[in-house]
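Structures are listed in the sections that come next.
Below, subunit A partners subunit B and then partners subunit C, in two separate complexes.
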Partner chain A sequence: MDNIIGEPKKAFMTGNETVAWACLAAGADIMFGYPITPQNEVMHYWTRLAPKYNRGFLQTEDELSAGFTTCGAVQAGKKAFTATAGPGNVLMQEPFGMAEAMRLPLLAVIQQRGGPSSGTVVYSQQEVTLTTYGGNGEGHRIVYSTATHQEIYDYVIKGFNTAWKYRFPTFILGDGYQAKMREPLEMYDPKDKGIEMTPAYPLIGVPGQIGKDREPQHLCNIYSLEEELYDVVMKVAAEYEAIAPGLVEYESKYCEGAEIIIVSHGVVSRAADDAVKILRNQGIKAGYFRPITLRPFPQQQLRQCIAQSNAKQLLIAESAYGQLERLIKQEIYGETIKIDNLFMPGVGIIDFDIINKVKSII
Partner chain B sequence: MSLIRIALAGEGGQGVQSVAEILTEAAYNENQQTIYIPNFGLEQRGGVSIAFIQFSDKRIGAPKFNKADAVIALSGRAIGRTAGYSDQNTLFVYDSGFDFDKEELPKEAKKIIALPAVDTANRVLHPKVFNIIIMGAVIGLTKVVSFEAAKKALEHKLGHKFENNPDLRDLNYRALEIGKEMAEKSLQEEVDNNG
Partner chain C sequence: MAMLAPATPKSWYLPSKPHKFCPGCGHGITLKALGEAIDELGIQQNTIFGCDIGCSLLAWNFFACDSTQTHHGRTTPVMVGIKRARPELISIGYMGDGGGYSIGSQHLLNSAVRNEKVTLILVNNTNYGMTGGQMAPTTLPGQITETSPYGRDVEATGYPTRGPEFIAELTPEGAYVARATVSKYKQLRRFIRNAIRNQMEGNGFSFVEVLSTCPTNWRTNAQQTWNFLEEKMEEYFPVGEIKNPLGKGDK
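This part shows the complex of A and B:
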C-alpha cells in the first residue's frame, strides 16, 4: 500500500477530515455518499484527497443508493465506505440490512445529529438504537463509539480490518461535535504501528469451478422457505456470538470500591471522565465505565465493574432519552444495582451536569 | 496553563470563526491542548455565529461549556445571545460601537469591558481587519497564545494573500498589536462591572 502519511505526524483538524485521512491511510478504494450535515466534510475532504491517490468517489441520488452501491463495491472486492447521519442513517438501514444478510464488510461512519426526523443538524447520541439494531434483522453488526479524533483515526483503520476479517458490517459511531470540532491527533500509516491491513477480496466472480474447485458463493438476501432463512440467521448468530468476546472494547476506571458507577459512551465519556476525577477529589467514590463497542456490548466487563464496587447505583449519562440505558439494561439483566439516568437528548453534557446529578442522587 | 474557555460571538461574515481557527492553530503549534467547535445549527444561517474554544496543558473534556473565562460579543444581538455564558469569573467583552439594550448585559461577570474595535478598525486601520483586532484583544485578555505564535498562525492562514500584497501583512500585524494593547489597557482600568 502507498505511503500516505509518511512518518507519523501530529495534525490539528476536524473529525470529518480525520475520517477522510484515516480511510485513505487504511487503503479504502472508494466512498459512496449523499450530503447530510454534519458529515458533509467527510465527502468534501475525501473528494479532494481521492484523485491524488487514485481512489474513487461517487455521489449517488440518495442514501438508499449510497448504501447499496457500497454493498455492491465490497462484493466486487473493493474496500468501500460511506458516511451519513440522522435521516440518512434511517434510509441506509435498508442497505445495512442487506449487508447483514449477505455478510458484506462495508464500513459506515455515522455522525449523529438531533432527532427524530430532521431534528437538528448539530449533535446528539440518538442514533444508538438505529446504528446497533436498525433494520429488520438481529443487529449482527460491529459498532465502535469514538470519543476523540485519535480514536476516530484509530477505529476507522481498525474498523476496515474488523469488517474484512469477520465479514460483518462495521460502524464508526461519532456525532456532530466530533465531526465539526478541531483537536490534535497523530496520523500514521498502519504499518508504522505494526498494523497489518486485512486485504479486500472479491465475494463474487471468484475463480474456480463450482462443485469442483470451490463451494458456490451464496450471497443471498431472500429465501423461499422459512426454514432456509432460519438456518442462515441461526448460523450467523452463532458466528457473531463466537467472535464477540474477542471484539468487545471498553474503558473501566476506579470501579474497585466505588459507591456510584457512571456509564457513558462516545463524546459524553470525556465529560464523565472529568466528572469522576472531580468527584473523587471531593471525596465521592465515583467509578467510570465506557463501552467502546456498543455491538457487541462489553457486558461481562460491566458486570465485573459492578461486582468490584460497593456501588448501590449506576448512573447512565447520554445525549439521548434512554437509548444507551436500554442497551445496558438488556445486557446486564439480573443485576440488582439501582439504575439512575441523566438523559439530555440532543444537547451536550458537560462534567458539571454529571457532578450535579450525582450529588442529587447519592 | 490551566483550562481557559472562550466564547466568541458575532454576526456571520465578521470573521469570528476565522479568528477561532487561527487562535487554536497558534495554540496547537505551541503544543497546547486545544479544542475549537463552531456552532453550526440553522441559526448560523442569518443568526449569531459562536465559536467555543478551549486551551489547556492537559487533555480537554467536553467540547462545549456552560460558563466561559472570557466572552467576546461582537454585535448587539451577540450580547444577549452570550450573556448566559458569563458568571462571576468571566471577562465579558463587547464592542462599544453597537447600540443595544443595557439590560442584555450579563448579571454576573468578573469585569465587563467595552472595546472600540470597530471604530478603531474603521478610523485607524481598515474595516476588514476588525476581526484581527479582536484576535489581538483575546490574546491581550487571556494570554492563551504568545504574540509570536499568533503572528505565525496568521502568516500560515493568510500568507498567500500577503504574498500578493505585502502591505496586508503589516496591516494585519498592526491590527493584532493594537487589539492586544487595547485589551491590556482595559484590564488595568477601573472595574466597571456588576451594573
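This part shows the complex of A and C:
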C-alpha cells in the first residue's frame, strides 16, 4: 500500500477531513456519496485527495444510489465507503439492508444531524436507533461511536479491517460537532502502528475459469421459502454473536464505589468525563461508562460496572430523546438499578448540564 | 426419428434449466438472445449479470456467469458500482419496466446522463408481472390491469413511458439506445449484441428496451398474446435503434 502519511504526524483539522485522510491511509479504493450536511467535506477532501492516489469517487443521484453503488463495488472486491447523515441515512438503510443480508463489508460514516425529518443540519445523537437497527433486518452490523478526531481516524482504519475480516457492514457514528470542529490528532500509516490491513477480495468477477476451475458465482439475496431465509438469518445471527464478545469496546472510569454512573456515548461522553471529574472534586461519587461499540453493545461490561460499584442510580445523558436509553434498557434487562435520564434531543450537552442533573436527582 | 433439440447458448447455466418463467413469457426469448450475444462476443468469463426484483429475478442463476441480485429498482446503481470498481468487467443489468421506469427511474435517468459504461436490458411487458399484474409506467391507455380494472385512464395516470426515447434525449454521443421486440428475434439479438459491444468499446451507456409478453397477467391465449405485442405494443412503442455509435450496416 502507498505510504500516505509518512512519519506519524500531528495534524489540526475537521472531523470530515480526518475521515478522508483515514480512508486514504486505510487503503479505501473508492467513495460513493451524495451531498448532505454535515458530512459534505468528507467528499470535498476525498475528491481532492483521491486522484493523487489513484482512488475513485462518484457523486451519485441520491443516497439510495450511493449505498447501492457502494454495495456493487464491494461485491467486485474493492474497499468502498460512503458518508451521510439524517434523511440520507434513512435512504441508505435500504442498501445497508442489502449489505447486511449479503454480508457486504462496506464502511459508512454517519455524521448525525437533528431530526426527525430534515430537522437541523447541525448536530444530534438521534441516528442511534437508525444506525444500529435500521432497515428490515436484525441489526447485524457493527457500529463504532467516536468521540474525538483521534478516534475518528483510528476507528475508520479499524472499521475497514473489522468489515473485511468479518464481512458485516460497519459504521462510524459521528455527529455534526465532530464533523465540523477542528482539533488536533495524530495521523499515521497503519503499518507504522503495527496494524495490518485486511485485504479486500471479490465475490463476483473472481479468479478462475467458469466451467473449468470453478462454478459461476450466483449471489442470492431473496429466497423462495421461509425455511431458506430462516437458515440464512440464523446462521448470520450465530456468526454475529460469536464474534461480538471480541468486538465490543467501551470505556469505564471511576465506577468503583460510585453512587451514580453516568452513561453516554460519542461526543457527549467528553462532557460526561468532565462532569464526573468536577463532581468528584465536589465530593459526589460519580462514575463514567461509555459504550464505544453500540452494536454489538458492551452489555456484560455495563452489568459488571453496575455490580462492582454498588451504584444506586444510572444517569443516561444523550442528545436524543431516549435512543441510547432504549438500547441500554434492552441490553441490561433484569438490572434493578434506578435509571434517570438527561435527554436533550438535537442539542449539545456540556458538563454543566450533567452536573446540574446529577445534583437534582441524588 | 431423432428429435432436433434447440441449440442452447454456451453461456447458459444448465443446472437451472428448464427455466421458471411462465409459458408464453418473453423473458426466455430475451435471455436466449442475451446468451447467444454473450457467446458470440466471447465474454462469458468476464461478464457480471445483475437482475432486478420482479420476474427478471427468475434469471438470477440463468447464466454460467458471475451474477448478483439486489432490491427492486436498484440494479442500475449496483451494476454501476461494479463497473466503476472493476472497469475490465462487462456489467449487464437486467430489469423490468416497473424496476427501470418507476421505482428505479432516478437511477436509470442519472446513469444515462453520466454515460455510465454499463449495458442495461429492460423488459417491457406493460405490467408488474411478479406481484400479480398491476399497472406499470408502460401500461397502454385503456389497458386493464389489477390496479386499473376499468382500463388505464390517462387523465388520472398519464401516458405510457417511452423509455428509449427519453434516454436518447439524455445521453451524450457514444450511448447506444434501442427498442427491440421478442417478435423479431434476430433483430433483438443484434440490438443486445450491439449494446454489449458498445460497452466493450467504452463508448458509453447502452440501453435496450425489449417489448415482451405476459399472457398470465394479460389473461390472453397464444393468438391474443402475439396480437397484443405486434399490434398494440409495437404501434405505441416504435421498434428500432435510436442511437448506435457502432455505425450502420452491422448485421
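The working rule: the second predicted complex is superposed on the first by the 351 of 362 C-alpha atoms of A that agree within 3 Å, B and C clash if a C-alpha of one lies under 4 Å from a C-alpha of the other, contacts with A are read in each partner's own complex, and residues count from 1 in each chain.
The rule is simple: a residue touches a chain if its C-beta (ideal position, glycine included) is under 8 Å from a C-beta of that chain, and two chains touch if they have at least 3 such contacts.
From a predicted model like this one, the values you see are computed outputs, not experimental measurements.
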Check subunit A with both subunit B and subunit C modelled on it and let me know: fit or clash. fit
Can A:Leu294 be said to touch subunit B (first), subunit C (second), both, or neither? neither
Considering only the touch criterion stated at the top, classify A:Ala317 as touching first (subunit B), second (subunit C), both, or neither. neither
Which partner chains sit in contact with A:Ile328 here, subunit B, subunit C, both or neither? Use first/second/both/neither. neither
Touching partner for A:Ala85 - first (subunit B), second (subunit C), both, neither: neither
Tell me the contact category for A:Lys180 with respect to subunit B and subunit C: first, second, both or neither. first
Subunit B versus subunit C as contact partner of A:Val128, first or second or both or neither: neither
Regarding the shared-chain residue A:Ile222, is it in contact with subunit B (first), subunit C (second), both, or neither? second
Contacts of A:Ile260 with subunit B and subunit C, given as first, second, both or neither: neither
Minimum CA distance, subunit B versus subunit C, superposed model, integer angstrom? 28
Hey, which residues of subunit A end up touching subunit C in the complex? 29-30, 32, 56, 58, 60-62, 64-65, 67-78, 80, 94-95, 97-98, 202-206, 209-211, 216-222
Under the touch definition given earlier, write down the residues of subunit A that touch subunit B in their complex. 12, 37-38, 120-122, 176-177, 180-184, 267-268, 270-271, 273-274, 348-352
Contact residues on subunit C for subunit A in the complex? 13, 44-46, 48, 50, 53, 57, 60-61, 63-71, 74, 76-86, 89, 106-107, 109-111
Quick check on the complex: what are the subunit B residues that touch subunit A? 21, 24-25, 28, 33-42, 60-66
